[in-house]
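The data blocks that follow each hold one structure.
Common to both upcoming complexes is subunit A, partnered first by subunit B, then by subunit C.
This part shows the complex of A and B:
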């Protein structure tokens, strides 16, 4: 396809499978002007990652996924094998900052002239001179030089009279994922918040290397457990595109069913948590009762509460019969009724509204500037939803309504969740009514030569991307799973500015971002 | 006189032993109101037992104050429990302190708690201590206004006289006390770290007030503090009973009225605990910076109570 971006003429290659994903090879020197053109058009940078391609006779590569009016543009820029570097993109798309730093920590490819070149994923597990995602990285069993126990990280300091710091985490009082938050405050007012993540770095991307496709699907789904279906589907979409495998209709519809079930489960849980964080335990208990009913039905119908491993390359692993359809439809209707009652209670509760409204505001201009995506983005007027604008099967036949809010506060993020619960329950009804007959899967056979693919799914948090390359022997060569939390975490830092410290947990919960998904 | 001393000891012991039960009852009511299955009534006792059996972990740079504070706080609450008439009136301890001194006893415990919290030097300790001081310096005057309203009615700041006036003289309706009662509820939520000012069950360290101060305590020290918290809730409930529903408290020297007095106390505590948990269930926690407004309202209601007393009741 020929596409004009400003004065740049592109020849985009559509990815096999027919979804709005376009491939494009780009000279690294042209990356900034290309990114600028995407930005002028109103697009965003969704993901940036690197790859070690030296075993293919090239050097390194930097991959960027841009969101544009034609869909997702996946660009690859080849870099030199010695001291690989590419021009900094963070001054155009600030969300690239942490992705560039992570790419350096893992692969040693440097963003030239980047304003922030501190480490990101590297803690004290490997040294500055080592890059674990390089193909020649020695296995961890080999003898290694001792590392310092504590690896200092240069936080930005705020000076001034009465300013002091509160370090919070990575160990918290509740059972939540580990992350460090460094607050600079006066009294209880937040002057600055800086996040430090990477505590759950598990070497997930390295682990993928050499895996067969079916095992890879299991691992992809476990990148961030609460977004299992989104990651598993994105992974399978990438595999199927690389193998030119066409998924049967019934399997595609069931995948969408799973994705909407996952969205409802997470939104119910979050709405409960939001109540709990303002000490309205009633809301917490009610929403979690509904979520529990929902999860138990999933366990009964599909064999797993969170639908683990229901999506496999080529199709799905479980089916639903007519009795199960009736049961799911009935529970969906009951939950829709109860949630609208609970929404009424939340709407009318003065104390809760007082806490939600005008708390943790991310203004639409700022959200656009920093690339806020997904659910949190839609609460700040960022009207992107892949199910609506670039629907893959079966969403192209479903007419999804996008939930959009302008105010960008905790209340807006709660409202988007409410709207999406109702919309997802409606979609579930549609999916069940119109579920086509047919097979549950098609064979998914690698081509025998290195082949690449990318999957892009609108998960409950936002655009979830998995890009991968399959080696000639049919095993996975390089997999990059990308959670929308990458670009949303930095917005939390600015969303809390001017708020008070005791409101931070509420604001944090209203974003509910993944740690595991970005620590990898 | 000796019966008086026996009664005094009995009343204090009842308070110490009954306080965790009241906490258990409040927790149980709250669970029911949230649609959960409730923990057993005796759960607080089990928690105390568990904590007393553990080894204490204390930070290396903790000063003796940190170890001493739990004992001090617990003693303050025991003293307060001895001062407030719960089953019998005009006991030997009573002349030792009036309502103003009672507020001072609470303040003493709070000062030690805040000092201990800052002693360790963790961010959360000083954060909690700072917030506690913000809340309490507003709650204290409001509490005093409530107590003064009752004192004006009985022309005395001695608790036995107040109780005697309200419970055992001829029955009169005091509109001023209605205002004072609302103010008293507001103050006691703040003083006892309850919703809507604080949330005793939260795990979110950044939102804590009271809990942030005791994060570093463990084992017997934590047990004493938890017990003191339960005692404080009991004493506040007893104070509320003495001021607003004193009927049933046995007059001085009337041993025959004691069984009835104990039954009345249990019934009133049960009702009070249920009411507390009901209010907790329907309110959300206030934004921290709204707490001053909330307590300012309490102060205003306390003052209004006093003014109404002068306008209508003198």
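This part shows the complex of A and C:
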């Protein structure tokens, strides 16, 4: 396809499978002008990652996934030489900052002239001269050198009269994932928050290397356990594109059913916790009662409470019969009714409204400037939902309604969740009513030469991407899973400014970002 | 006013709590000397500190679910606390990432004796899909002593409860070990 961005004419190659994913090879020197052209037409940078391609007779490569008016543009820029580098993109798209730093920590490819070149995923486990994702880095280092006690990360300090710091984590007081938050405060007000993540880095990307395609689907689903279906589907979409495998209609419809079930489960849980965080334990108990009913039905119908391993390369591993359809439809209707009642209570509860409204605001202009995506983005007027604008099958036949709010506060993020629960339950009804007959899977056979693919799914948090290359022997050569939390975490730092410290847990929960999904 | 709506909903919902499962003593991996004495003093009341030592967040979903009304956790004397210094039992999910190795050891040291450690999930029990690597120490018992292991990906809330109760129940896994 010929496409013009500003004065740049490009030839985009559609990815096999026909969804709105376009491939494009780009000279690294032209990356900044291309990024600016994307920005000028209102697009975003979704993901940036690197690869070691030396075993293919090339050097290294930097890959970028841009969101644009035609869909997702996946660019690859080959980097030659002994000290591979590419022009900094964070001055155009600030969300690229941590992705660029992670790409350096893992591969030693540098963003030239970047304002922030501190380490990100690397703590004290490997040295700054080692790069775990290079092919010559040993995957299993049996002899582990003792760790230095501290990570020695250069936080940005705030000085001045009356300013003091509150360090929180990595191990938190609640049942949540580990990470470090460094607050600088005056009195009760937050003057600055700096996040330090990477604690759950467990070598996921390296682990994929050499894995067979079926095992890779299981690992992809465990990048972030609460977004299992989103990652497993994105991974399988990438594999199927690389192998030119066409998924049967029934399997595609069941995948969408699973994705919407996952969205409802997570939103119910979050709506309960948001109530809990403003001392309305009633809300927690009610929403978690509904969530538990929902999970138990998934276990009974599909064999797993969170639908783990139900999506496999080529299709799905489980089916639903007519009795199961009736049961799921009935529970969906009951939950929609009960959530309506509970929403009425949340709307009427002045204490809750007082805490939700005007708390943790991310204004639409800032959300656009910093690339806030997914659910949190839609709460700040960022009208992107892949199911709506660039629907893959079966969403192209479903007419999804996008939830949108503009106030960008905790209340807006709760409202988006409410709207998405109702919409997902409606979609589940549609999916059950119109589920086509047919096979559950098709053979997925690697080409025998190195082949690449990318999958893009609107998970419950937002745009979830998996890009991969399959080696000539049919095993995985390089897999990069991308969680939307990458671009959303920096907005939490901004959203809490000027708020009181006791509102931090509430604001944090209203974003509910993944740690494991970005620590990898 | 929301109050009457809340009360209405509570009455309409009724009780949904279910009876607790029995402890599954086969999940125990070691027997501590003081076990019987501790239980004589504290009964089954136990304060738990959860530690995510590198999990994918799947096991955490089920720990959250345990807090819901079906499981009546506090009714059983089980309570989650905010600090290891207040805890009798550490509920640890894994695999233990190398970036959290020091924090996990420090948390263990900060927990007063006597204490139990329950490792949960396939990753906590064996290293799971992540195994041992440049970034992962694998199973929890590679880093701190473990009393009970609850497998599953993730283990169901019921399995978690059976594991927690196994740690704090009288009686040994095998008579010889008591």
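By definition in this document, the second predicted complex is superposed on the first by the 511 of 520 C-alpha atoms of A that agree within 3 Å, B and C clash if a C-alpha of one lies under 4 Å from a C-alpha of the other, contacts with A are read in each partner's own complex, and residues count from 1 in each chain.
The rule we apply is simple: contacts are C-beta pairs under 8 Å (C-beta built on N, C-alpha and C of every residue); 3 or more make two chains touch, one makes a residue touch a chain.
This structure is a prediction, so every number in the text was calculated from the model and none was measured.
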Which of subunit B and subunit C A:285 touches, first, second, both or neither: both
First (subunit B), second (subunit C), both or neither touched by A:277: first
Contacts of A:349 with subunit B and subunit C, given as first, second, both or neither: both
Which of subunit B and subunit C A:226 touches, first, second, both or neither: second
Partner chain in contact with A:502 - subunit B first, subunit C second, else both or neither: first
Which superposed partner A:203 touches (first subunit B, second subunit C, both, neither): second
Partner chain in contact with A:171 - subunit B first, subunit C second, else both or neither: second
When both partners are placed on the shared chain, which of subunit B and subunit C touches more of subunit A: C
Interface residues of subunit A shared between complexes with subunit B and subunit C: 173-174, 282, 284-286, 289, 349
Complex contact set, residues of subunit C against subunit A: 1-2, 5-6, 9-10, 13, 16, 50-65, 67-70, 80, 82-83, 95, 97-103, 107, 128-137, 153-154, 156
For the subunit B and subunit A complex, residues of the former touching the latter: 30, 33-36, 123-124, 127, 130-131, 195-196, 199, 201-207, 215, 281-290
For the subunit A and subunit C complex, residues of the former touching the latter: 123-126, 132, 137-141, 144, 147, 149, 151, 170-171, 173-178, 198-204, 206-207, 215, 218-219, 222-226, 228, 269, 273, 282, 284-286, 288-289, 291-292, 295, 299, 305-306, 308, 341-342, 344-345, 348-350, 514-517, 519
Contact footprint of subunit B on subunit A as seen in their complex: 165-168, 172-174, 187-188, 275, 277-282, 284-286, 289, 349, 351-352, 354-355, 359, 500-505
